[in-house]
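After this come two complexes, each holding subunit A, first together with subunit B and then together with subunit C.
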Partner chain A sequence: MEYRATNRRKVAFVILFAAIAAGAFFLTLSFGVYDISFSDSIGAFFGHLAGGYVDPTDDHYIWDVRTPRAIGAILVGAGLSVAGVVMQNDFKNPLADPYTLGISSGAFLGATLSLVLGISLIPALSGNTATVVNAMVFSLFPTAIIILVARFRRMTPVAMILTGIAVMYLFSSITQIILVSATAESLSDAYQWRVGSLNRVTWDSLPVMLAVDVVMILLLWLLSGKLNVMYAGDRGAQTLGETAQRIRVVTLVMASLMTACMVCYTGTIGFIGLVGPHVARIFVGSNNRYLIPASAAFGAAFVILADTVAKVSGANGLPVGVICSMIGGPLFIWILIRQRKSAWL
Partner chain B sequence: MKAEYRRGILLKVAMLVFSLICIVLFVGLLSVSNYEGVGLMETYQIIWNHLFGEPYETGSLYWWADRYIWNTAMPHALAAILAGAALAVCGAMMQSIMTNPLADPYSTGISSGACFGAISAIVMGLSFSTVVGEMGIVTNAFIGAMVPALLIVFLSQRIHMTPATLILLGTAVSYFFNSMVTYLMVTTDVDTLQSAYLWQIGSLDGMTWSSLPFMAVFTIAGSAIVMLMASKLNVMSLGENSAVSLGVDIQSFRLYCLILMAVMTAAIVSFTGILGFIGLVAPHLVRLVIGSDNRFVIPMSMAVGALLMLVSDYLAFQFASIPVGVVLSVIGSPVFFALIVWQNKRTGAIY
Partner chain C sequence: MIVAAAVVVIVVIAAAAAAITRGGGDGDPGESIASQLQIMGNANDDYTIDDKDMEIVDDIIAGTKSFTDYPLADANNDGKVDASDKQLLQDIIDRKSGTVLRVMCLDTSGNNTVVDVEYPLRNVVTYATNMQLPVLYANGGQYIVGYFTSSYEVAEGSINPAAKDLEGSSREISDASWTLFTQLDAGLDTGVGAFLTDYSAVAQITASRQADLDAAGIPLIIYPSANAADEITTVLTLGFLFGGDCESLAVEYAQASWDVVNAIDSVVGDLSDSEKTTYISCTMWIYICEGDSTYNTTATDAGGNWYGNVNSGFGSTYSGDGSTKMQSVEALSNYQDVDVVINNRSMDWGLTADEMRDLIIDDCWEKDRDGYAVKDYFAGLEENMYFVNNILPGAVKLAYMAHILYGDDFSMEWADGILQQFIDMGTAPLEGQTVDSIPACIDHSDYLDAKA
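Moving on, here comes the complex of A and B:
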């Protein structure tokens, strides 16, 4: 009886935050540098959907700029949070996040090559597309190296994390070599890229993000039983007839792919991938069947709200990552204090 | 059994001696100047002479070399040794008390606090104290670095502090400070951003004798205390339950360790900037070779940390424009990578 009630509470958490995310989606359309009232923005949005006449300026800002950005926020929030759940679960380490295996440093190297040195992996491309492709390809290098090493050597989760750190340092030191000799302007460009912002998200970037996000989250959710078994420990997982290492590698690759797809369009948005899962875990516990949807819902709601604040702060808006950590840091401390026992241990 | 134990001791002593010899070698290499006829051997001779012998005739070749060595090379080399040793000790201690191989001296948010302090000085010229100018950056960084530590001390009265909570708290604090840093960096002009970025990477350039006493006092006193606590740290790394049953008051012990580490780390990073890598990797390098007994890991980490730092500083010096923090990770990470992948089966059981 009590078990049922707890489960109902978990489902309620998911529904609540999904609803908040949906509400925030409409709210965020009216926020930004271009001034428009809430009802006008809603009107413009549904007007465009229904194919009616919309004022061209309104249409441009609402449909071409803010709508893809809002969808991007939801996808990034959900995707990074779920990737964080998988990493923390696979490595049994509360400090793991989507970037633990070095994805962020790989992506940043790729972006820096394009932004500072003008090198594109595919010579035909240039400008923003080159940056995206570079970031995407380079972000998968670290994971590939780790998976490759893990194929030939028996590796414990800790050894995998440490390998990830080694690769991350290697990549970021190469990036730093490029950056310390860069001009102040191109350093600034590269730095802005790394901070991570949603203002680069357009309709063109959404199909890839959406497809990867939805497919990966669904697959990971279907695998949640196996993830749970692994959380119980490798020894336990082996006796239960699972090859822990194989599940670990498969889920890590999935989480990495998803993260890479987010990062190459937005830059490295931190915080949510680490903290989203922890907040969700405090409310719904460590069962991945609930934890994955709960993290996705919380992450989506949090990022879209943070982006709404980000758009109206400062003179021309701030990167969403700044707002995420500025609000989320104290919030997280407060949650840690309030909670009686650590959800992790 | 006994023979094997002996061999283990021998290995440890050999590694320590080897690191010390290398440290002496690199101090010499760093001090070799561009003066004609002053090679490595002459450099040692000059250093020896300066300490125990007569001063050289003013204006002579050796006098110039002596001036260079004493005013430029030596503060640099000593700063490298102190920074390397202090950060490595803090890293080793942190990994033991947190029982987490990912922990490093910056895990409780010290680096981001220091960064915020320094960068607010660089970007806004804001000083938290009455000190201004170059020293304003240092004092700001030091004060900033203390904030996360104080916060943790304050909060530990209210909540039960497990290692996981502590690390998460540190992460939350550092995210907060990082967001402020990012805010300052994206709103400032490109040139200020560049100098702030260079501070973050960490460098030993511009080290003078005046900054050394401060670093030295904290490093030496701190490391001595850590060394005395080594066996207690061993108990801690067995895990919470074992530590309690062996009679360690883990809550307060952990807190003392954290405060000690915060002060030591702050004393270094406020002068050098955020030198990453060393605090995380030096202890691991040592453990991968000699196992995880803290009584040996701590002094060895100091030696290895100092050596790594010196080597990187030497190389950074050769390729003039690259800061030492970058060189550190360029040479350190492949070594680290290789050690993890080809772990020694006998001592490698730790991971």
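Moving on, here comes the complex of A and C:
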């Protein structure tokens, strides 16, 4: 009975934060610089869906600007948080996330090459498309390097994560060299990209983000049993008939691809990939069957609420990455102090 | 007989029109120049140094005029006016080579200072676009021996081809670049004549670099030249320092500039704020200029009323002297009642029709900024948004802004005519250009035409 009750609480957590994310979706439509009431924003949203008359200005800001941004917030929050779950799980390390594995610094280097030097990996591309493609490709380099190094030299999970950190520093130093000689204009662009913003998410961005996010989260959830085996350690996994390294490589590639497809459109939104899994783990435990959907729900709710605050902060909004860290840091410390048992395993 | 009479009438009308458009007639060619030459000895504080200044010095020495009323009469800047000032002033009036001029400018803290410069000024090193272009507009590019950055191939094409690229950037003079500069100075027989920079870039002149300049005896000349009116003074003073044709060109440049200023003032000078056209200035496509920014100062000089003066919310949000990037395409959504948006862009010229079309579409209206086209940030304001080329002469920018703000009083043809006047003047950056090869003022109809 207690087991079932516990599981119901875990499911309830997922449903609660999914509901919060859904509610925040409609709430955030009325937030932004453009003044519009909650009821009018909802009216404009459903009016557009129904094909009825909507004030053209309302329609522009609600449907063309805020709706894709809100959907993007949900996808980014869910995707980065689940990526954090997988990375922490694969390396049995509470500090593993897209930052510490160098994925974000790889993406930033790729974006900087485009924004500052005008270099596109695909010469035919330019502007934002070149930045997106550069960021996506470069964000996969650290994972590729980690996997290659691990393949030729048997490495412990700690050594692998240290390899990621080394790659992060290498990429960061190259980026800094480029930025030193950047013009004020391109330096500003690079900085804006670095702090992460959902302002860049448009309807054009969503097909890739949505497809990759849904498919990868679903596949990782289906692999939750194998991810759970990783808790037993490499030798323990072997005794259970699984090859830990193979699981690690497959899930790491999936999580990295998912992260790449998020940050290439938004820039590096920090915090959620590290802390989302920890908060979810406090409430639902370490079983990935619950942890993955719980992290996705929490991450989605957190980022869309943070972006709601970001949109009405500063002169005409602030980057969501700043708000995520500003709100999330103290919140996480408070949760760590309040909870009694260890959140990690 | 009738034909002869007609010819006479045409000639008389043409002569009268020429006199009016030059604004001078038979009087002093620089009588309408309100800029003051920034050189000690310019006793009457006008646009040049001539016998009128000597008369004042004579009167001060004779005791019929007071030094306190004419502080610039102190040509050698020693705190008194005597025979030595008279001798120096005569050398300046004679434009005698080797004369040491006392040039008024700013120091690195923004305070007024005076530096010694040998006439005529040669072997200059320039830094910052806002100073480099005034040097070129005074046709001083031939005297540049080193520069830290050059971003506009055509507009800055008159930089002496032998000048050394010191490999800085618009944002920074690195230590390596500074070393190249000191090596350049050491390698020149007479050394670097002066280091010229705009006040907005003064952060690059650190205390140690100032000490390097002092030790090498290189005068540091700093002017604030981003504002159109300030730029006229800078060109005027630099032209005088370079001497010869540069001086006469600079006087003509200043004269033409002040003719524009006066033409604008004659129409909008008496308007109350409520009658003036409101504007929002932007730069770098999607950065909103703050109230005290130089871009706003220029638009205000063109007769505009900054939108922050009529919308307190906008005024408080965008107070300051810098610019704020729009964090979303909604940033201007609540300010749709502004009359015009002036988007300041630095754009090189020498463009073919195809290049112009590409620039209008790809580098202005549809330029990708954070996933959105620039025009998306100005939704609802497109028809009132204009790109103005920021590297044009200040008076030309004022002319186009006056057209944008008061199109009924200042036609596009009038503004184009001002640009043509500067092209015809012979200032090197505009040499060989036409009104059609320079992206001067781009509006929404230009965009629609380009798309068509």
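Following the convention adopted for this analysis, the second predicted complex is superposed on the first by the 344 of 345 C-alpha atoms of A that agree within 3 Å, B and C clash if a C-alpha of one lies under 4 Å from a C-alpha of the other, contacts with A are read in each partner's own complex, and residues count from 1 in each chain.
Everything below uses one rule, namely that a residue touches a chain if its C-beta (ideal position, glycine included) is under 8 Å from a C-beta of that chain, and two chains touch if they have at least 3 such contacts.
Because the structure is a prediction, the values reported are computed rather than measured.
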{"item": "Subunit C versus subunit B on the shared subunit A, clash or fit after superposition", "value": "fit"}
{"item": "Angular separation of subunit B and subunit C about subunit A, which is computed from CA centres of the superposed model and rounded to the nearest 10 °", "value": "70"}
{"item": "Which of subunit B and subunit C A:L318 touches, first, second, both or neither", "value": "both"}
{"item": "Partner chain in contact with A:G43 - subunit B first, subunit C second, else both or neither", "value": "neither"}
{"item": "Subunit B versus subunit C as contact partner of A:G285, first or second or both or neither", "value": "neither"}
{"item": "Touched subunit A residues, subunit B compared with subunit C", "value": "B"}
{"item": "Which superposed partner A:N128 touches (first subunit B, second subunit C, both, neither)", "value": "second"}
{"item": "Partner chain(s) touched by A:E185 [first = subunit B, second = subunit C, both, neither]", "value": "both"}
{"item": "Touching partner for A:R153 - first (subunit B), second (subunit C), both, neither", "value": "first"}
{"item": "Least Cα gap, in Å, left between subunit B and subunit C after the two complexes are fitted on chain A", "value": "5"}
{"item": "Contact residues of subunit A, present in both the subunit B and the subunit C interface", "value": "180-181, 184-185, 187-188, 192, 314, 318-319"}
{"item": "For the subunit C and subunit A complex, residues of the former touching the latter", "value": "151, 169-172, 174, 284, 288, 317-318, 324-331, 333-334, 367-368, 370-372, 379-380"}
{"item": "Partner subunit A, residues of subunit B touching it in the complex", "value": "100-102, 155, 158-160, 162, 164-165, 167-169, 171-173, 175-176, 178-180, 182-183, 185-187, 190-191, 193-194, 197-198, 201, 276-277, 280-281, 284, 321-323, 325-330, 332-334, 336-337, 340-341, 343, 351"}
{"item": "Residue numbers on subunit A that touch subunit C, as the complex places them", "value": "32-35, 57, 60-61, 65, 127-129, 180-185, 187-188, 192, 197, 199-202, 204-205, 265, 311, 314-319"}
{"item": "Of subunit A, residues touching subunit B in the complex", "value": "93-95, 149, 153, 156, 158-159, 161-163, 165-167, 169-170, 172-174, 176-177, 179-181, 184-185, 187-188, 191-192, 195, 270-271, 274-275, 278, 314, 318-319, 321-326, 328-330, 332-333, 336-337, 341-342, 344-345"}
